[in-house]
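This is the structure I have questions about; it appears just below.
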């Protein structure tokens, strides 16, 4: 059976997902919607799809699943709409910048029993997958400490920063998710410190560009995250998991693996300089997994709840910076009486 | 303009090239021919091409170029036929196992002014390309010594060995071409030693599985090649160029870049175990370059002459092993009165 | 001029320093004192020195400098005594486990204008020195973030733990000093989390074996430290400094640099498994620097104040763990009205 | 028992050996002889030894062993003299530049049953030792191919070249010995090619500065050696052994292990730039082994025969370059009727 896709949003990341759908023998791109007609037309043309309105995609009987790549502030409403329309949903992170709005959205997903997968692409990177596999196979024993260094090649434009929800919700959110993915236990407290070292304009916009975060679980496991909006040597993405029997680490990725030796020493070229080239394989594997989840009617992962918790960790980190204390995640999520809300699908 | 391709041979490597054609926005796969109807049908189906006979492809007006992936003993005749038919030709290496047959074939290519490119895929590997670029930019000064280690994960079946022309024509031929590519000067003499260390059956078939080769140019530049049909740790493909100002080397490639540390030490996973996964990017770049050469009406590279010389080096290596002496390449190629034969296109 | 040394304490670390003195052409070991006569005799014998009492060393006119390697609880009193006796003093860290006691001791050092150097040996490791040099030369621009991973091969005996002052005063103290050394700016706040993951007996002794620490300066620079009393792969000692123009890192050290490749992948041997083999060169360089400081009558570094501040950071980290908040270093050190106390020599 | 040493030759390498003797608790330096009185005096002073004539050392009853570090053309006669005087002998390589002279010398060693060890220091490098151990433990199965890259940081002065016996006897001789050490089987044929690429004056002195060598054993094992008198990146010393079950390699050594990352990529400092700093540990271990051999009355290794064969390989390589053919080692050594001559002690 071929899964038939509608794509909402024909921008940069929309194009990546469209390519992944087309390269997947089990999937077909049927329709593209975008507020900018030219963008929608170009993408539809390239892949032999139709341009349709969001309404038309919602009503379509020849579409099984949607990929939501529209601006963040439209995500929650679109998820609710397509959940009710009975489509399987892949949504770019974050679901929303507000924890309560996300909780409301996930209630709809829960009621409609919709399949919702959230786009934490890094989980699908083959190198990080190999790290996870080594952990799951018990190669390092019981996990004790996760160390993540995550630095962007350069700071984003201030306009973007203003809409982004801040460094924790925009950038660290990936690292929060990765820490949870690898710790294998929920995080209880978050401590963070942050400053503006790269671009004053980021500070003037009320955000930070340099941050350190410590995460702590109930059983005493640790994770540390080091973030910067600057890395002259490329897109720095390292993870390490230390356990009772050993450790496993994923090395940085570079486009070419050569080394030049001369009187100055031995030099290897810089890393990838862009998340899209760094995570090319991850984007393809992510859509492929989504198709598998829908086909096998199994819960998608990362789920809506994974999206919610990563956002709550970001919120807790921000409070920790402002209040100079370790913040409990439960302070942010509130009492979770109705556990089912957070089970996701 | 879209370049329209006919594919001759729908086997393992034919599929790779078909995929490269389809992924290239400037190219289209029009027709597939194969003696095994099922193979031709399956490939044509997958990519929306037609199944045609070789005769039909030769006569077709809707085909600009052919990719020859048929058995080696058919290459020379097919090149001649399609050169006369006015098609651009991409042919898998080798053109033929016999130097004289290759020379005769290249004379036809020359007379017809056909475009002929020979499939030395490794020249298009992004890492080896980066090495070449560093050399061309003068980063290591004048080239002095090329060192190539090239080992297969395991020995091929004896049946294959018997048809292969022997280790020098089948395996080392890639390294001979790489050495020429990087030395930037023609090789004058070849010294080789070879033995059977991996599989006795290879020896019984009259071939070797382990070889060392030294190449020497008129100006005194060196290349050394180390070959084995065995490498338990994967497909071992290293090149290094040493020059007056420094050196540049390409590291081995592995599918995942993780490292596991425990009481036994630090372990990284094995290398790629197959040439097709190792050289995925190279195959795509190779076809893309072929299209560019044809489009721009510039001579293709690697040319037919590159194919001829690599074969002559293999022949010289074999003589060196048998006679225990440094063999001049000119002993194999004979007097090249008509230089133009060897200019290739 | 040859510097004449008295050694107080002929235990494990005393032997290392005695060897460093003997190997140094500018120094001579004159006398050894130890409560255990056999230990003193053996060491004195080996190096042609005399066994003397501490009183005799204090009174000796043929001794210029002392190296204090006695138990921690004797350090402060011995420093005061030898400061008053006009000897130059090298003292193993820590000066004392109590901040107020250290301050009192440093007041005596200050009054007597004695030369006091505290044994933070890692500052003298050639690899960490090269990191510091790269930073000082401006190769990475302005320092923004220091990342330290510091893990012991195995947990110490519980008896040792009980006397040690706890993980922060015993183990992290080196990392606190290294962070200060590399940040180039005083630390303002400390946040820490700690747990018992390695050995329950450590927890029962009131200590931790796994800790994460974040340090923050007035200008917003960051340092993170990851500590564990367990590392199956050896003595894990990594530092990285990230700055506005780049980053510099020191790799782990291993006794042999080989790599074995087979079907399981590529394996390098474990790291050094003991701080004495890991820091062999550092210990020699440390004593050599001490001699240079005394000879040139320049202030020793690391100074008594460096020792005090590292201890204060340890104290602050402990408070942070207990109180779940970022602790100001000034809360521990108190008002430093008389700045000169902390200038050290 | 302490072994009492006489040192013949107080030059650069003599000083290194004197230091190794002094640092060894089982040994004592008793006397130093050198044609240059100042050199002898300085070294004797530094280590509390006496200056004596060679005659006096020969006659001395308080000397058990000698270390010969005099000019090459005196080695053979001194070995004979001290063999007859009943001293154990450590001699720097080579024994002589002439194969027949070496054979004559070894006959005297044999007749006198003297202990003779030849200074192939690289066998004692801890990294190469670890390679050898991995091979001996069967970790890579049966050895098939040894690959050695050995490049000097820069060309020696022409004066030195003229006295050196040429690149094969002076430089490659170490690699010949290492190849034999690791192959575990005698070499049967040698093929070599050589040229002048670095310094014309070396060519004018009748020598080469760039060479490639292939070695072949009776059972078909291979070794390749790549030599250059130039390496801008430092003293390049790599060995790799490939076998039926895997491979083991020793990495290059550098004085500091840091890496600087910036917009140009990731740079590690150059290698050691001098054989004495590169092989510091090897020199100490070499003398320590010599002492152990003498003490335990076991045959020294590398033996005089090891020295002879390495020289014969050098001679064979030179013939191969001149005659353009694979040269049998037996052509150089002649018929070895009296096998015992080559057993050495």
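Order of writing sets the chain letters: A, B, C and D. Residues in each chain are counted from 1.
Methods note: a contact is a pair of C-beta atoms (placed from the backbone, for glycine too) under 8 Å apart; a residue touches a chain by one contact, two chains touch by 3 or more.
The shown structure was predicted, so the numbers you read here are calculated from the model rather than taken from an experiment.
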Label of the chain whose CA centroid is most distant from the centroid of chain D: A
Higher-contact pair (C-beta pairs counted), B-D versus B-C: B-D
Separation of chain B from chain C, taking each centre as the mean of its C-alpha atoms, in whole Å: 59
Chain B and chain D, separation of their C-alpha mean positions in angstrom: 42
Sites on chain B at which at least two other chains make contact: 232-233, 245-247, 261-263, 269
Contacting residues of chain B [partner chain D, same complex]: 142, 144-145, 147, 149, 151, 189, 191, 193, 195-198, 210-212, 214, 216, 219-222, 224, 226, 228, 230-233, 242, 244-247, 324-326
Chain D residues touching chain C - in the complex, by the definition given at the top: 126-127, 129-131, 134, 139-140, 245-251, 253, 255-263, 269
Residue ranges of chain C touching chain B (in the complex, touch as defined): 232-233, 261-270
